[in-house]
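Both of the next two complexes hold subunit A, though its partner changes from subunit B to subunit C.
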Partner chain A sequence: MSTTWLPCGNYHQNYVEDHAWWQTKFIKGKMIFLALILFFVIPFFADSYILSVCNLIGYTILGALGVQLLIGFCGQITLGHAAFVAVGAYTSTLLILEFPWPKIILDLGLAYPISIIIAAFTAGIWSVLFGLPSARVKGFYLILTTMAAQFITVDLILTQYVSQIGGRGQAFSLPPGTIKLGPWVIDSDLKVYFMMLFLVILCTIVMANLLRSKVGRAWVAIRDNDISAEVMGINVFKYKLLAFFVAGSIGGIAGAFWISNLAAISPDHFPWFWSLWLVGVILIGGAGSIHGAIFGSLFMVLIMEGLQLAVMPLADTFPKLLMDFLFIKEAAFGLAICAFMIFEPNGIAYRWWQIKNYFNLWPFSY
Partner chain B sequence: MVAANEQNKNGILLELEDVHMSFGKVKALNGISLKVRKGQIHSIIGPNGAGKTVMMNVINGLYHPQKGGVFFKGQKINHLKPYVRAKLGLARTFQKVEVFGGMTVLDNIRLGRHIHYKSGILSGSLYLGKSAKEEIEHRTFIEEEIIDLLEIESIRNKPVGMLPYGLQKRVELGRALALGPEILILDEPLAGLNLEEVEDMARFILDVNEEKRWKLTCILVEHDMGVVMDLSDKIFVLNFGNMILDGTPEEVQNNPEVIKAYLGEEDLYSTRG
Partner chain C sequence: MDLFLMTIVTGIMVGSIYALVALGWVLIYKCSGVLNLAMGEMTLIGAYVSLSFYSMGVPFLLSLLFSLIIGFVLGILTERIFLDKLIGEPVLTVIMVTVGLSFFFKGIVELIWGTDTQVFTPPVFSIDPIHFGPLVIGRVYLWSFVAAIVLLAIFVSFFKYTRWGLAMQATADDEMAALSLGVSARFVYAMAWAIAFMAAGVGGTLLGNINGLNISVGYLGLLVLPAVVLGGLNSIPGAIVGGISIGILQNLCGAYLDRYFPGAVKEIAPFVFMVIFLFFRPHGLWGWERIERV
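Up next is the complex of A and B:
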């Protein structure tokens, strides 16, 4: 949004410094501190429950990044992102289970990593397919065409046809040991956690870099004013499809990652509500910033887990609460969105930005 | 191709030939022909609703005329989309500012250079080598040629949506210049500006028209007669989709029909200030 605040009297000497990510020692220190916490403190001091919550946060971030790209940066409202997550998950699963991998690749544990890349690509292409209507329709109308993606992909193709592959019926089970990443079998929350960290950081870096180069600027221009974007030499349709491709790919990575955390996958893991949920995540986190996707995911997952913890002790006296937790969760989701729309429509990321600015100028007000 | 050579010889950069454009039963342009010569400032005036903006939209491809031809450097560009025309060297600003409000001034101008950036999605996502180097090169160009020219150093990192109207217009001009065009279409660049801003803007237009670095051909749509008469090499007068006159400022000032249609019976120099 804005550039870094430098201490009074300090100026950049060249454009390389001005284009750098972390421009001051303080910011560098802060990020190293964050990395230390993520890589050393959490994995070695957290128990399995906290790690699983972290993994859920990571999964939500990966999903929300794609939605953020489409809604927040390119202005293409989407309500079917779970479809592309599902395509990624199913592509990866089918490749692992059904594809006749050469023995050497299996021995080296490359089947899963390769399947993630293919899953990203497939989900990207699939997403482009449903992005095609964006050439003609804008705004609210696009909601319906992207919802079609959800229903066609998950409710029709995956449920009716893909699930029948191999005669298994509803779900594909992933036996322990099938998901192997190089020499490591991904079988514990800790290993999933490290994989999640790697993928989240990778996708965040890719997104952030895209946004400060040609492609990302074209996306934001299309969001802000598509007519003048076209007049300035941007092939609007091409860049919209490119946005759908990248968003779908990140969704595919999210799906392919998430199967490492599941014992079996079925279409039920990718309901339409999950698409809506991801949109809620970026609305609460703040549309139009990468921080927004991360803060939104943190907030939503933590609130829901907190709610669950709060309901547990009450369950003895009110057993119905536990049974109806799904409804409580949805109600809380709705309430949170209402509250944010009224009190902080720009999301948590904007608040964060304000807080940072306040301390950058502290103790002066401007 | 004979026509193309002839046009180049005459120094005609842009030509409209018998353009008809109607919306339903409303004839917005009725057989308009216009020849814009290289290096000139060609103004287009006319009362509200005369079809000036429609004409600009026809030139840069937002509208496709039902009949007639648009030629750029002798090449027929009727069928080309706006973004292709931008690559050929047509840039424009809009009557109502159409900046990218959520982006900073610098990013707006960088976006203007979109067609000159080479890096694709892969190198952009890694931001290494070529991609990073390219950003630096273009940044240098933008700082030295555009931000310096338009005197917007102090606001380069501000989101454009938060800037006052006059500065937004200036950013829009900068964005159009960043494209590196051969023809610059200015659709009411002075509307809504105060006197000081009008003087600045007129100076910028003259700068980019006359400076050796730019030498831009300008098409200027404007209501401020004082400015139009001072800046223009030629003036094209439009009324309800029909051409009244295409001539020098003196001819326009002395033409009774123009005075009746547009300037009213009163004094010609009814400029502000």
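Up next is the complex of A and C:
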């Protein structure tokens, strides 16, 4: 599913072409066009609302990439990814607020970037810790362990212990100006947007490159049949843990990124709902492709925002509706998952692939 | 010592409610192979339905009966609309449909009944406790225990002695053989969901009587998962033992560990226990150990 059919008469003549990122000039042009839109059109023509929606999409993509890696590529079903996002967010926050940074680092504004890297690492290790049971169990039992990861991390450790650090109780507030990236203070949606763009592109490239290397092929082999993979000489346990590490790291980056968009951080930002939401996103987008994570995030966030915009005008006549929107959103999300699973189990990415191939092979698709 | 005994007894009584809900879960799994994550929300729906009838002035037993009937209908509808089309799909697909269902149910419940805690008014069971020698037990717990035990007995004898129950047992045991003997598998699936919905509804009503009813009762419904893992996914006696053990474990942790780990230890303990248990016996106490072949 990852490969695109080349137009009639185009062949690869050497391995460099075969491994090329963008296999035809058209695809290259298309991607440059996309980059132009992302870097120039959206930032300068969009207002603050659209930018905040874009940031939410980016955050969802970052979270969903990790879930996509675990579920779509390594076959390890996880329902507790919000825990790792939370670990990343909390690590970064604590490092910024509590760690005695040397003055030079503060002056250069390196505290936040360094904390992102440490957050990614911590979240990865935390994720490996809960991936350890995958040596013994799989399928439904692994789902239960990852669920337990969510409850243990967010509801117990973060709520009861980590939130007590500094005597604040419930939430850590992030005063404006705390989050500095080099010389820039991240204080507007536009700056968050550029940071989001950078991180999403970075993580996508890292994922895509991992997937076309030995590691990625090992993951896919484990997903397809772990016993066969072991027989073929893949160290299943090692690669499973590696998958958990990478997924957790990307989750940690997502969390550490998202604190730049928040004024305060509390365990309520990472409920179990969010874990399930991420899984829903990749299933709607299509499991087993990076496109899936991106399309799913776009679809879900845009649908929910659209729903909200549709509900707003009605709110004057039915004031209760605004209050109940959260519940409508939940119910709509549930129905969307069910509908996609029943009618379109391959997700949006599959449809996209079909459309692309239709035009690539047009007019003679046989 | 008294505290210990009290904790154990209360644990058994709450655990019997979990056992009832867990029975419904195991039933669905045994008959149709669906791993259901919507159990918590199913308990919620049943509980709210009976609460609504009760606050309209219907006697408690009658409102429980109504909730059973509505649970039956909803169970069949759920199976027909959502799960019926998924026979033979991969595990993740089916699980995610139940997750979707759980969101859908939860959203609907919140839309209709709101998120505030509601209590059964007037209280169904009087609040003055009953004394058994040194033991002091709340009436709610005692009656819940009795109700759960009676219903467990009814369900078990239903499987043992009635035609439908036997058909369900046959399907759970060997689907192909049951089909060739003329058992309608679709009917059995629908029945399993209906019964699970009913069991969950009763469990939810009883849980709602103990502490009042809000969305977090749905979380209590999630505790069936540790219970069924402990007992083994496809064992009905396992579900009952598992439910009661989880109840005891939860109360013991609440009584003794709360001092050292303040806060949510009561809710988290079953899941921690479950993870540790999975390391040693992934297939539970009485579940079938599945041997995989390539």
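The rule is simple: the second predicted complex is superposed on the first by the 359 of 366 C-alpha atoms of A that agree within 3 Å, B and C clash if a C-alpha of one lies under 4 Å from a C-alpha of the other, contacts with A are read in each partner's own complex, and residues count from 1 in each chain.
Rule of thumb we're sticking to: contacts are C-beta pairs under 8 Å (C-beta built on N, C-alpha and C of every residue); 3 or more make two chains touch, one makes a residue touch a chain.
All of these numbers come straight from a predicted model, not from anything done at the bench.
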Determine, for the superposed arrangement built on subunit A, whether subunit B and subunit C clash or fit. fit
First, second, both or neither for A:155, with subunit B first and subunit C second: second
What is the contact status of A:246 with respect to subunit B (first) and subunit C (second): first, second, both, or neither? first
Could you tell me if A:206 is touching subunit B, subunit C, both of them or neither one (first, second, both, neither)? first
Looking at A:114, would you say it contacts subunit B, subunit C, both, or neither? Reply first, second, both or neither. neither
Identify the partner contact of A:332: answer first if only subunit B is touched, second if only subunit C is, both if each is, neither if none is. second
Between subunit B and subunit C, more residues of subunit A are touched by C
Using the touch definition from the top, say if A:217 reaches subunit B (first), subunit C (second), both or neither. first
After superposing on chain A, what angle in degrees do the C-alpha centres of subunit B and subunit C form at the C-alpha centre of subunit A, to the nearest 10? 80
Touch check for A:288: first (subunit B), second (subunit C), both, or neither? first
For A:311 in the superposed arrangement: first (subunit B), second (subunit C), both or neither? neither
Going by the contact rule set out at the top, does A:233 touch subunit B (first), subunit C (second), both, or neither? first
Minimum CA distance, subunit B versus subunit C, superposed model, integer angstrom? 6
From the superposed pair, tell me which subunit A residues show up as contacts to subunit B and also as contacts to subunit C. 225, 227-228, 231
Subunit A residues within the subunit B interface of the complex: 1-3, 15-16, 18-19, 206, 209-210, 212-218, 220-221, 223-225, 227-236, 242, 246, 288
Per the contact definition, I'd like the list of subunit A residues that touch subunit C in the complex. 71, 77, 79, 133, 136-137, 139-141, 143-145, 147-148, 151-152, 155-156, 159-160, 225, 227-228, 231, 273, 276, 279-280, 283, 287, 324, 326-338, 341-342, 345
Could you pull out which subunit C residues touch subunit A in their complex? 35, 82, 85-86, 89, 91-93, 95-97, 99-108, 110-111, 225-226, 229, 233, 261-265, 267-268, 271-272, 274-275, 278-279, 282, 292, 294
Contact footprint of subunit A on subunit B as seen in their complex: 60, 62, 81-83, 86-87, 91-92, 94, 98-104, 107, 110-112, 114-115, 117, 119-121, 123-127, 131-132, 135-136, 139-140, 143, 157-159, 175-176, 179
